[in-house]
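Shared between the two complexes below is subunit A, which has subunit B as its partner in the first and subunit C in the second.
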Partner chain A sequence: MADLAWKSQGRTRRSTRTVRVAVSTVSTVTVAAVALAVLLVPPLVQLDQQAVDLSMKLRPPSLAHPFGTDDVGRDLLLRCVYGLRVSLLVGLVAALAATVIGTVVGAAAAVSGGWTDRALMRLVDTFSSVPHLLLGIFVVAMFRPGVWPVIVSVALTHWLSTARIVRSEVLSLRSRPYIDAAISGGATRWRVAARHLLPGVLPQAGLAAVLMVPHAMWHESALSFLGLGLPTHQASLGNLVQSARGSLLAGDWWPTLFPGLFLIIPTLAVAGLAGAWRERLNPRRRSELML
Partner chain B sequence: MKRALPAAPMARMAGRRALLAVPVLLTVTFAVFAVAAASPFDPVKAYTGSAGLTASQENLDQIRANLGVDQPLVTRWWDWLTSALTGDLGDSSVMRQPVADVIAERIGWSALLALTAFAVAIVLGTTLGVLAARRRGGLLDRCVSSLAYTLEAAPAFWLGLLAIWFFALELGVLPAGGLTDTASDTVTAGQVARHLVLPAAVLGVSQLPWFFLYVRQGVGDALDEDPVRGARARGLAERTVLLGHALRSGMLPMLTLIGSRVPELITGALLVETVFSWPGIAAATVQAATSVDFPLLAALTVLATAAVLLGNLLSDLLYGLADPRVGFDG
Partner chain C sequence: MLELRDITAGYDRREPVVRGASLTVAPGEAVGLLGPSGCGKSTLAKVAALLHRPAAGQVVIDGEPVNGWRHAAPRTLRTAVGVVFQQPRLSADPRLRLRELIAEPLRAVGRSRAEAAARALETAEAVGLTGELLGRRPHEVSDGQLQRACLARALVLRPSWLVCDEMTAMLDASTTAALVNVVEDYRREHRAGLLAVGHDRVLLDRWCDRTVEWSRIAQA
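Let's turn to the complex of A and B:
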């Protein structure tokens, strides 16, 4: 039994490495494909995603319409690409905003120390106690649907973890000799923070930001699905699932299935890439695919 | 091996956490009022509806004074807080009844759904986790792990809709939503059970990846440790080693961390209850948000925060019990 266990472990290790390489390759290709699709399809393909054709409504997937058509005959593949574009844009802006807030708060807390640090971190703990989607729903409900309320609500609920990461990174960097050297060279506290500490935390903050994009997209879709997100003329993937509810209850599954897949696949690809990146940053810590 | 329950340290920890919860809840309630005050939302317009367009300015001012919205932010917050402590949370405009009644009517259904879903996730997650950990890197492990990552990325509302399509429409074996059949006006246990299957399964499956990955990691690590090697060396059956030794030490941390899953559970419930028209408080939250019902929304936000804090406390208490080295100092 023990012998068998050893053997299977050896095989596992080798095949796990193959799987890792495969995961990072597939992830890279997928992310590249998604980026190309959302960047190039709208300007290059002269097709109107809003083109209504009532004679073609609710056709199942076929060669002419790989994802089928929706209840007014619009091509779902095109709708999904445009929806992904909207979701991705909202996700990127929200994740960027959250990362900036989190980095500033985390770095300020670590650099100031003392009471400021304690108060800021207490605030972070407090707002971590409110479920994110609920806080997001509250903000959006009060400010009414629109792109900006959604971005603000996602950004406001997502900076907390970045603030914690950045603060602990700054605290660990502060004890390094080069920081002591800068201080003995006469650098002020804020100069040390801006010139020496901030560049040190950027890789970690960047990783957190990349991982936050799918998360932000997920939040935006949930809000849009609940009817609290983007207005319908800026249909995101969540709006597409929401508007497909009627067709689904009539038994037509494709308008619901494909927008969801468009949300899952980029999320998995980004998670795979982030895992590979983390391994490169710190090869000793073998990381699993993290979401 | 029976130990007396360390009641005194546990009670001290609960008391300390209750004290710490006070500033947290105060901050959250104040933030809720501050966001509402900063927003374009006008309670008078919400109260009067279309009648407000034709009403005279005097009437509107009278309503404004009656609702107390002409007071400054801090006064309104303090009034709400003091009356909330006496059990008066205001009136919900969308449900047309007091907020406290809405919560009392619905919280039981939400608890039923959440507990069933947790049970589904724990049972499925543990079974699959043990099976996957037995042969890490094997075919089953790779399939179930990939599925777990995919499920983690899949939105719960999407899973719910696909489940409705498949089980309620294609197979026609389960009801698509609600609590009882539309024709019936009494709530019977059998009907509730039938209507509970799909939402509880979807909510449970959406929570499954975390439980599965935790058990897989815990049991897998335990299998490499000396006690398990010792048990194998003594010639114990593989079944005993796996379930009696590896699972016991690998599952303990997961069971104790269940309490910290409350935020994810609430997030999932918001989506699943809405998809399945389940009459719980999470679905009420979404309805309150859609029609900007501030009193209901504020109360439910605070309630959810309290639930999260309670979950954290529960998880720390269980952790202290499971691992005496940790203790109850946090």
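Let's turn to the complex of A and C:
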């Protein structure tokens, strides 16, 4: 009986592990492919993504145009790659900025405590109480359409959760006896922060940042879809979906489907990678994985 | 002299856990403090190591009253009192290798990397840690080995006083004996004072010059 129980447990473990390895492999390959595509295609492929050919408008996928063409005859595969490039750039920069703001605010709140802590966290609550897409729309509405307003808008609305995570993590680390031991060993406030607190918090903040990249891409798309994000001539995944809206009703599915997939697939891949990373976060688990 | 005068201490605004505790440790003297768990002896140990601000009372080191606590305590005073806690797992930063863990106080007071490494190695050897063990991280060694590293970290700055808060509570008999011997060798060599806090009367009686009961030095 005990033997049987042990066996079945062993099998589940092995199969979940296989799934985990498969997910992380597929995610890694996808993310690598996305990175290669956005980095290499524009310099290597000497085709103009803006090239209009009205004789070729709204052609379904074919060998010459694997993703088909849009309503003014531009090649959709090329438009998607350029769109992904812009969306990814916005996502990366916005996520990085949001993480830096969140980490600084969260750490400052935890370390200073008292009134500063309370004031900062109430600020976070206030921001969180407004739907963040709405807040983001307010920000972009103040500027001319472009890449930077979108980045600012996404960064300013997405540092809140990181600030909460970092604050609670710092608070929990700060009460550990090894911090007492460091203080007793002559460490200054700065040394404790730099040597013990920050390295403890960074993996969490990094994970939050990675998970935020696809989220920020979706925000860019949402803003562009609403006509508030990037200028319409600039290919971004949101703009592509937006301009394809009309043709979808006429039965032309490809201008909507492919940009949509370009948005969904990297998102899933990043989520898969982040899951694998979370597994490796704690040092104990890391050495088990090495064995 | 390390003097604790009429210390009252607690946490936040709750009832104080230590009331009117007084205790003196002379240079070179080993004092055992014996008490049941939960009586407040760990809190008093943290006060003695300048890691916890008492609500009332005074800590006087070599005739100099202490006014700041934790980071606000002058570094020379803080490092004059070494401290070892009960649980090695919680007292060691999980990211540091034992070698770095032991060298950390030397780096914190501004010694060069090379000097810190050399002295850390020397101290590690004194507590019985050598070779490949020093390259491991806390979760890759046993409780006993980790506690040896924590003791080395406390001794590496050559403090004049050592506070051991239940240092051997998690350890087996032979490791306990080994660590007590390390502390005794250090004490003899540097004429350092020791405050050993614990609940094991047999151990403290054999280890220390005198053992005091918690009920004798503090109010109930």
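Rule of thumb we're sticking to: the second predicted complex is superposed on the first by the 256 of 291 C-alpha atoms of A that agree within 3 Å, B and C clash if a C-alpha of one lies under 4 Å from a C-alpha of the other, contacts with A are read in each partner's own complex, and residues count from 1 in each chain.
In the analysis below, a contact is a pair of C-beta atoms (placed from the backbone, for glycine too) under 8 Å apart; a residue touches a chain by one contact, two chains touch by 3 or more.
Just so it is clear, the model here is predicted, and its values are computed rather than measured.
By the touch criterion defined above, A:A222 lies against subunit B but remains apart from subunit C after alignment on the C-alpha atoms of chain A. By the touch criterion defined above, A:P199 reaches subunit C but does not reach subunit B.
Contact with subunit B, but none with subunit C, is seen for A:L249 once the two complexes are overlaid on the shared chain.
Judged by the touch definition given at the top, the superposed model places A:G260 against subunit B, while subunit C stays out of reach.
Once the two complexes are laid over each other on the shared chain, residue contacts for A:F143 go to subunit B alone; subunit C is not touched. By the touch criterion defined above, A:P131 lies against subunit B but remains apart from subunit C after alignment on the C-alpha atoms of chain A.
When subunit B and subunit C are set side by side, the one touching more residues of subunit A is B.
Shared contact residues on subunit A (touching subunit B in one structure, subunit C in the other): none found.
Only residues 46, 49-51, 70-71, 75, 78-79, 81-83, 85, 87, 90-95, 104-105, 108-109, 137, 139-140, 150, 153-154, 157 of subunit C touch subunit A when the two sit together in their complex.
Taken together, the subunit A residues at the contact with subunit C in this complex read 176-178, 180-189, 191-192, 195-196, 199-200, 282-284, 287.
Those residues of subunit A whose C-beta lies close enough to touch subunit B in the complex are 1-2, 8, 11-12, 15-16, 19, 122-123, 125-127, 129-135, 137-144, 214, 218, 221-222, 225-228, 238, 241, 244-245, 248-249, 251, 253, 256-257, 259-260, 263-264, 267-268, 271, 288-289, 291. For subunit B in complex with subunit A, the residues that touch the partner chain are 23-24, 27-28, 31-32, 35-36, 39-41, 135-138, 142, 149-150, 152-155, 157-158, 161-162, 164-165, 169-170, 176, 213, 229, 232, 238, 262-263, 266-267, 270-271, 274, 285-286, 288-290, 292, 294, 297, 300-301, 304-305, 308-309, 312.
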